[in-house]
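As written, the chains take the letters A, B and C, and residue 1 is the first residue of each chain.
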Amino acid sequence: MTEAFILIPVVLPIVAGLLLEFIRKLNKKTMNLCVVAVLAIEAVLVFMNMGKIGAEVELFELTDNLPIYFKIDNLGIMFAILMVVIWLLAGIFSFEYMKHEDNERRYQGFYLMVLGVLIGLDFAGNLVTFYMFYEMMTITAFPLVIHTGKKEATMAGLKYLYYSLGGAYFALFGFYFVFKYADSLTFTPGGVGINAGSHETLLLICALFMIIGFGVKAGMFPLHAWLTSAHPVAPAPASAVLSGIIVKTGILGTIRVIYYIFGTKFIRGTFVQTVWMSLALLTVLMGSTMAYKEKLLKKRLAYSTVSQISYIMFGLSLLNETAFEGSLLHVLMHGFTKCGLFLAAGAIIYKTGKTKVDELRGIGKEMPIVIWCFTILSITLIGIPPTGGLVSKWYLCMGALKSGIAVFDILGPVILIVSALLTAGYLLPITIQGFFPGDDYDYSGLEHKEPAKTMTIPLIVLTAGAIGVGLFSTPIITYIETILATF
Amino acid sequence: MDFICNFPFFSIMISMFSGIVSAVLSRKAAKWLNLISIWVIWFLSAVLLYYIFGTGEIIVYKMGHFPAPWGNEIRAGLLEAGLALFFCSIMLLSMTGGRKKLMGEVVEEKHNLYYILVDLMLASLLALIYTNDLFTAYVFVEINTISACGLIMIRQNGRTIEAAVRYMIMSLLGSGLLLMGICMLYDITGHLLMSNIRDAVSSIYSAGTYPVPLTVTIILLTCGLAMKSALFPFHTWVADAYGYSTVSSAAILSSLVSKGYIILLIKIIYRVIGFEVYRASHIIDVVFVFGLAGMIMGSISAIRENDIRRMIAYSSVAQIGYIYMGIGLGTRYAMIASIFHILSHAATKSMLFIGAIGLTDVSKGSRHFEELTGSGYRHKIAGITFAVGSLSMVGIPLFSGFISKLLFAQAAVLNTRKMLPALIVLAISTILNAIYFMKTVIRIYTPTEEEGERITMKQEKVYALTCICFIALNIFIGMCSQPIVDWIGAGIDMFA
Amino acid sequence: MNSYVLLIAIFLPILGGILTGVIPFKGRTTRNIFVETVVIITSIIMWAIILNKPQDSIEVLKFTGDLVFAFKMDGLGMIFAGLISSLWPLATLYSFEYMEKEEREGSFFMFYTITYGVTLGISLSGNLMTMYLFYEMLTIVTVPLVLHTLTREAILASRTYLYYSLGGAAFGFIGFIFVLVYGTSLDFVYGGVLDPGKIGDRGNVLLLIYVLAFLGFGVKAAICPFNKWLPQAGVAPTPVTALLHAVAVVKSGAFAIMRITYYSFGPDFLRGTWAQYTVMAIAIFTIIYGSARALKETHFKRRLAYSTIGNLSYILFGVTIMTPLGLFGALCHMVFHAVMKIASFFCAGAVISKTERTYVFELNGLGKHMPMTFGIFTISGLALMGVPGLCGFVSKWYLAEAAVASENVLAYVGIGALLISAILTAVYTMTISVRAFFPGKDFDDSVNSGVKEAGVRMLLPLCIFAVCIIVFGVYSKPLTDLLLSVAMGGM
């Protein structure tokens, strides 16, 4: 029974969020304090769960043979810690930011609920639980997307909803067949036994569907269109967590399905792997190219997410250890980086109202801290040494070369590098223009617009975190190797 | 008992004499005479039926004690007696139900003429049922035609005269063909008594002599009677005739007259040509096809009608199609189904006409659908009668129409070649029936703002009683059909 | 328990209904109390019967030689009867409030209550003859309900309904005849009653007849292309569309198809034949068609009607898999969908009743004024979509499980159709919820001033349904065990 305590991090934010929705008369300061308190407690609880690796809880059976089952393993804890830290920081940021939106209470309520659902997702021990929380996540995150109430926000929100649900249903198709042909639905490192018999092609198709289904959330081509509509229209802190964290659930889903259900042996060398790799690389290139051409700042960052997540997908699709390490490292790194970038963009919008990249000349002089952080984060993302971005890309390229798969072992690294160049192309000019606007700039119009500390401190912490991931990449890789060891 | 053997003869004679006598009677006396004679015949038929049922023998009555094959014969079996009884019942109910209307529609001087015609009609029907002689049958067919024509025309407005003329033309054409057939048959076989003819025909058939004349005879006989009983495509006179004549006339015409000819046809098939020979001639297939066509075309024409009585008249065409389809299926079971449907249809069609009268009465006498809206509320019993009739037509279980459908379908299933067309057309016909009957039922039960005349049961007791009898009859046939089917089966076996 | 009780359960509401129309009540409340009492007593009797499980059949009337009116409660009938008798009292309660605004309540409640008895008659029929009789009667007694508002649309809708239903029954009749001729009896026996000796080599003909009968009875279950009547019938008052056209009438069609497939023709005879592929294809097509048309439809109740068309074909898809698991999935969805759809329709009805707004685009911002109504609507929408934790997921799960187990390629396509329908369902339900709760920044709420939440008599049934949806979503085992045992042929 004491094992049930691992579920408190799941339940607490959901309950807190619900209470927040229904208790109407709450003063803003009190509300913010409550939110921060919940987030902090949450972080502590998750860290405590680190010590409880291996604990499992079965709640009840949804229907015959479909138990709702939680288990804490290395992979789950890693994701959970990432999520909870980012959530806390973005949450603090939002107190100031949301002052210029309405309905803060509704926002914070759903913000908390989504966290609880995500933790539940991380701790899910079998496919059923994972799927259930996946659907819940789509639904609870929806109000965050459409929060501003503008027409384009509503349209983007609905697009998000339908694409996400569609992706979930693709995965569900595969799920139905896995239920029948697999030994169990529980996530077992290395995969559960699949009794394909004569239905091997059928099951491979199912695996592909599940990859595409989860890939929707991860913004993989061809079902990525929602991401670039939804992430920009949400309020900045929401965009941050959408791009930084929620897309990672697609990654988590893919890892769980391929590495913990089907098992890499089942997929390796089949058409599934080929299709997967192709789609991932295609998205990498496409995302970077679109980002390069995009003029709206938040949308540019959204395309960047599309591209970066497919780095991770590519790494996973190679099905070897080095690439896996690169992917997971990239998960952490991208989480911190993209979140920070979005928060910076949010700060810019909050203080100046400017949304387009061309308008940002000279902004570095107005908001130095913000733009410095932006710069450091950009460099990390591009992968210029000695930042963490390089390490993860290095492992990915190494993994590709080692994999021995025809064509892709060269093509992969090439595209990754091209994309890195493009990344530089779409991120650095902002910094450069920001600090060095050029001679024809009207310097007299500059004002000091640094935002409040509640906005800048999280930003700085995130930047530090991004650098930290790079510096401490070796211990992190070691940790990831413990995950791999279980396979 | 010997005395009972006279009953068939008595039935025919009583009816005929009342007709003749009514010529000199006053209107009221004629009416009472008519009523009494029908009741008497009803009783006679009931006793006869009971007797034959008890003894299981066929009564053969030689007219004038001349032995066959020179004399004339009357033959009564289970089927004939029962049919006579049934027809009397229907005639009774139709006359009673439509009597009030009759008063209004027909000119006073003509009333006793009307009763004469009805008596003659009944006489000829009974004769057709009972006779065993082909030529006598023909004579009474002609008497029937004339009295039917008179019944149509009795209202004496332009429409009815035109309808009567049309009817005459078609009918006499049919009679002509019938006569030719009879003559040819006499030529080949040398007999006029039905049983004798049958023996002769079967020997001709097995010997293989006269194949062509035999076939032609069969064709002529069938066509002639088909024309007279309004099988498609010889049905165009029906709508006018039933639509514009008086109510009782319409009821009697549609229920009894056409059925008389069909019964004669069945008699000819069994007792003159012989069932096997008839089947071998493939005329039966043609009959089947036309029966199917009638089922569909009759209903389609009914859908297009805007006048309630013409609609019911076209419905008759469809129902006659059912009966011919049954004959066309060519099995004993199918024949039982057809005869059952004769009974069922007779009961239902009269009911519909009587019900329609009540509805038109409360709609300012108009028969068009716009004015009939809501009439079900204004004249409750008429509405219920019409509704029950419609449900029976559509084939809802509990009513007689369902049993007919059931019997036809079962018969069809047992016949491999003709099964699918029969079943599909049966289903389509149900749908078509549903369309026009149910539409009308909805219409008469759609309340309207307008206040029309209202008639309650108390005001028209006799009418209400008639309606209730009809409904009871329909439900009785619908629910207790097994004895009836058994009786028909036994009757057919005796028939041959 | 003596089987005579079955007769009481069936004929009490029929009688009570007739009395409702005939007795001149002093006031609306008196009539309502009378009606609700009759309905509740019948439901109690029905539940007592279900719990006591009388085994024998009771023969009421011998029609002709082989045709007998008999009633019997077996597993399948028990499920359907249990479902109907649970929903009817709640629906009646709801309709009291709704019908206050309409006229001629007397005749309405008369036919409404009679329909209850007739539907129970269908579920408790012991053989094909009895079921056919009550099936036709169901059409007849529901026509006045569709006709009720007496507008031009209502008259046309009732005609369409009548023609389609009677026409469908006419084709169903052909199937009935064939079972009569080629089967050992007309009784409902699990596994079918066809006599292989009698069939001989006419197997193909029988398959054709089965397809015709499927299409015929399927008219009431709104399969393509015979579903035109259902959206048109949306013109009737909401209690009619909700209970009858989402639950009683259409489920009777599905029930009839279950009977002829599993209890008359028999799944072993049909499985693997071209007949099975045909009917499965029809069901799959209807699933997509219904959901797609719902998307295009902007009239609120008609949208839900198209949704019903799609969902009914989920049930039929389960039936056409022709295995016990398939029947099981179908039964689950029959029960769960009834609850979900009746909740949706009642929400729609509450909205129409309180605001007179019938089109989806008029619903902006109403979530604030009618939070419970739209909240429950959202729950039912999520359930229809198949979100885990609500009952829709469970029934879809079992349908898919049956399809996967059948190893029939067309069934796999069917699973795809189910999921495509799920996303379409998401679109057409969520747009309504989003409009209601998130009307957008520029929305001027003054158009909604004066809109009040629905009254208790409407909300109480709604809440009960919502609770059921959630409870069955997480704890359905006792019910599903029962359904599974019925599907396997047990009592």
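Here, a residue touches a chain if its C-beta (ideal position, glycine included) is under 8 Å from a C-beta of that chain, and two chains touch if they have at least 3 such contacts.
Everything numeric in this text was worked out from a predicted model, so none of it was measured.
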| item | value |
| --- | --- |
| Nearest-to-centre chain - CA centroid comparison | C |
| Label of the chain whose CA centroid is most distant from the centroid of chain A | B |
| Separation of mean Cα positions, chain C and chain B [Å, integer] | 44 |
| Separation of chain A from chain B, taking each centre as the mean of its C-alpha atoms, in whole Å | 85 |
| Chain C-touching residues of chain B, taken from the complex the two chains share | 391, 394-398, 403, 405-406, 409-410, 413-414, 419-420, 423-424, 426-428, 430-431, 434-435, 438-439, 442, 445-447, 479, 481-482, 485 |
| List of chain C residues in touch with chain A within their complex | 382, 385-389, 393-394, 397-398, 400-401, 403-405, 412, 415-416, 419-420, 422-423, 426-427, 430-431, 434, 438-443, 473-477, 480 |
| Interfacial residue positions of chain C with respect to chain B in the complex | 61-65, 67, 129, 132-133, 136-137, 140, 143-144, 147, 150, 155, 158-159, 162-163, 166-167, 170-171, 173-174, 177-178, 180-181, 205, 216 |
| Residues on chain A engaged by chain C in the complex (per definition of touch) | 60-64, 66, 128, 131-132, 135-136, 139, 143, 146, 148-151, 154, 157-158, 161-162, 165-166, 169-170, 172-173, 176-177, 179-180, 202 |
